[in-house]
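First subunit A sits with subunit B, and in the next complex the same chain sits with subunit C.
After this line comes the complex of A and B, so read on.
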């Protein structure tokens, strides 16, 4: 899976879960202020990402640092890359 | 502590006839049946009752995702009904968070559909890792009341009565008592349920569900009729805005009716079988609270679900309490049994009957079961002056409720 395919998969999965428009899903948007997610949503975001990429990330400290959509893209790409090595 | 008169200033209905009060009243006025055959029920092994009345035509996306994410269908129905009631009552955001508006609303159980979906996934590998954060808010017993309050930013009291088929009327009664006692100025009151095969099965296993009309769904259930063979399960939500008379007059809103009495009591004789004497006791208590004589009641809106035992017991109880020819009908023939919503949906119709002076007959009642008491059963639409009505609901688990309603005459 290319990095763009990973980004597309993330965006589509989150758009479906949180009823977002794909064209508003730019890397620099805040998932809280701009996309309107809250702490309950971030719990479900982790579940959605785990389902989409078949990995476990719930206990990873970096998840708590996520602020923007770009942070999610970077985190997932890094995770997938690390697991493929 | 002050005692207040309690009036109805808003009503909302999501019923098998559609998403508004007008849809409900139109369906009743036109003597339509909301009951249909559902092929999906045939897939449930052992289920014999394949007829039901389901809600259609709603738009859940009227509710923002932030609020809808914690809702199953029953809370969606309740929230849409509450929205309609609040709009009719001209209650806006300044009153939502005043602390003077509370919620009394319940369901038979939390969302069975959600519980089924959870355990279906859980049993795959006994993992909780796929459990969504909002699961609990859909299955908790106060899901209906909490979701209404969260959606409208309501900051008053929350009551979540749960008494199966008596839930809706019990919620109205408890809301009424809150306002009478001066604890709240307004209460959103009612009930909601979502249909699940388990609901149908619950009554089917007790031989209380209609099983012989699967090929003629529009002819069942048949309250009080000799050919009735049981109840038909339904779903929906009814919500009424109750308000102190003083508050309603101060706000200058239209008053739709008045709640003047309420009684609820336990029938400990049997958890499933009704007792005619205890039903009569409940009606008498409600009349005593209303401080009126039984002769003043013009109409009884019966619980009458078309079960063999229930209809006989209730008819005998009505005959015991009312020695005059009080008019009696049940709306289950039109709507099926909408469970926790039934008390509220049927109260909404009863309020409308009082306002218009027009009684809705019992659909499908052709030949009264000779074992039912000799009553003035309403068989056809009937126009007559109406002042007081009594509304019954009786629930599995031995919970009885009776409400007394009065037409409100503006001075």
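After this line comes the complex of A and C, so read on.
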């Protein structure tokens, strides 16, 4: 999977899960202020990403640092790269 | 829409808010006596007693609004609503909670965000009733406490949208209610309410006459959702059912209005 494919998969999965428009899914948007997610949504976000990429991330401290959609892209790309080595 | 005079609205507001204040004072005043009776009669715990008193308060609300609000409950009958279930309901108005007095069971624990707990006149009773403050606790603790409530035969009620709808349309659903249902194995019972957005929508303080309908849908079993991410599929299915039912209710209300002209 290329980086762009990973980004597209994330955007589509989150847009479907949280009823967002794909046009809104820009890397620099805040998932809280711009996309309207809140702390109650982060659990679902993790489940959606785990389902889309078949990995486990719920115990990872880095998840708590995520603020923008770009942070999610980078985090997932890093995770996939590390797992493929 | 039928024309309603401003005099009618003024009388309604004086009547409902006035009687609601009296009913509240009477309820608070009589609650120690009622608690003592319920404790002796049924040996209920304090939180169970307070939930019952809140339910009775809701019953009183239904009575005092009856001259101005045409309220009907349909769907499942009293005997068909299971004990120990997870209720989910759409949210249109501050007064939606008051209409839960129309539910057949009084042992209903509300799972709500933090803002209702910030109103001091509610907070005391909400704490006494062991209501769940989901924003403060998070889903994990809410699920653990919810399972304990369900195991004792009580039900838990969620507003899965989290906020009142501003346009009457169903909003995005949070997943807590569905996580609890899947984790506990208890059914979801969807409730659809309409008309309270006319009675008192967000941002308005004066009440308006309305036809309010509360429909109790058949329980949705969680058996086929017991897998990773199953609660998200359950959420989607229940939201679809509710959206379809609300559309039917809206269409029936419009037909009734046309016939009444």
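Methods note: the second predicted complex is superposed on the first by the 85 of 85 C-alpha atoms of A that agree within 3 Å, B and C clash if a C-alpha of one lies under 4 Å from a C-alpha of the other, contacts with A are read in each partner's own complex, and residues count from 1 in each chain.
Everything that follows uses one rule, which is that a residue touches a chain if its C-beta (ideal position, glycine included) is under 8 Å from a C-beta of that chain, and two chains touch if they have at least 3 such contacts.
Keep in mind the model is a prediction, meaning the values are calculated, not measured.
*Asks:* Determine, under the contact definition given at the top, whether A:83 touches first (subunit B), second (subunit C), both, or neither.
*Replies:* neither
*Asks:* Between subunit B (first) and subunit C (second), which does A:60 come into contact with in this model arrangement: first, second, both, or neither?
*Replies:* neither
*Asks:* Between subunit B (first) and subunit C (second), which, if any, makes contact with A:18: first, second, both or neither?
*Replies:* both
*Asks:* First (subunit B), second (subunit C), both or neither: which does A:3 touch?
*Replies:* So A:3 meets neither subunit B nor subunit C here.
*Asks:* Is A:40 touching the first partner subunit B, the second partner subunit C, both, or neither of them?
*Replies:* A:40: touches subunit B and subunit C.
*Asks:* Which of the two partners, first being subunit B and second being subunit C, lies in contact with A:51: first, second, both, or neither?
*Replies:* both
*Asks:* Same subunit A residues contacting subunit B and subunit C, which ones?
*Replies:* 18-19, 40-41, 43-44, 47, 50-51
*Asks:* Could you please specify the touching residues of subunit A with respect to subunit B in the complex?
*Replies:* Checking each residue of subunit A against subunit B gives 18-19, 36, 38, 40-41, 43-44, 47, 50-51, 56, 58.
*Asks:* Spell out the residues on subunit C that touch subunit A in their complex, using ranges where they run on.
*Replies:* 134-135, 138-140, 162, 172, 174-176, 228-229, 232
*Asks:* Show which residues of subunit A lie in contact with subunit C when the two form their complex.
*Replies:* 17-19, 39-41, 43-44, 47-48, 50-51
*Asks:* So in the complex, the part of subunit B that touches subunit A is made up of which residues?
*Replies:* Against subunit A, subunit B makes touches at 65-66, 69, 129-134.
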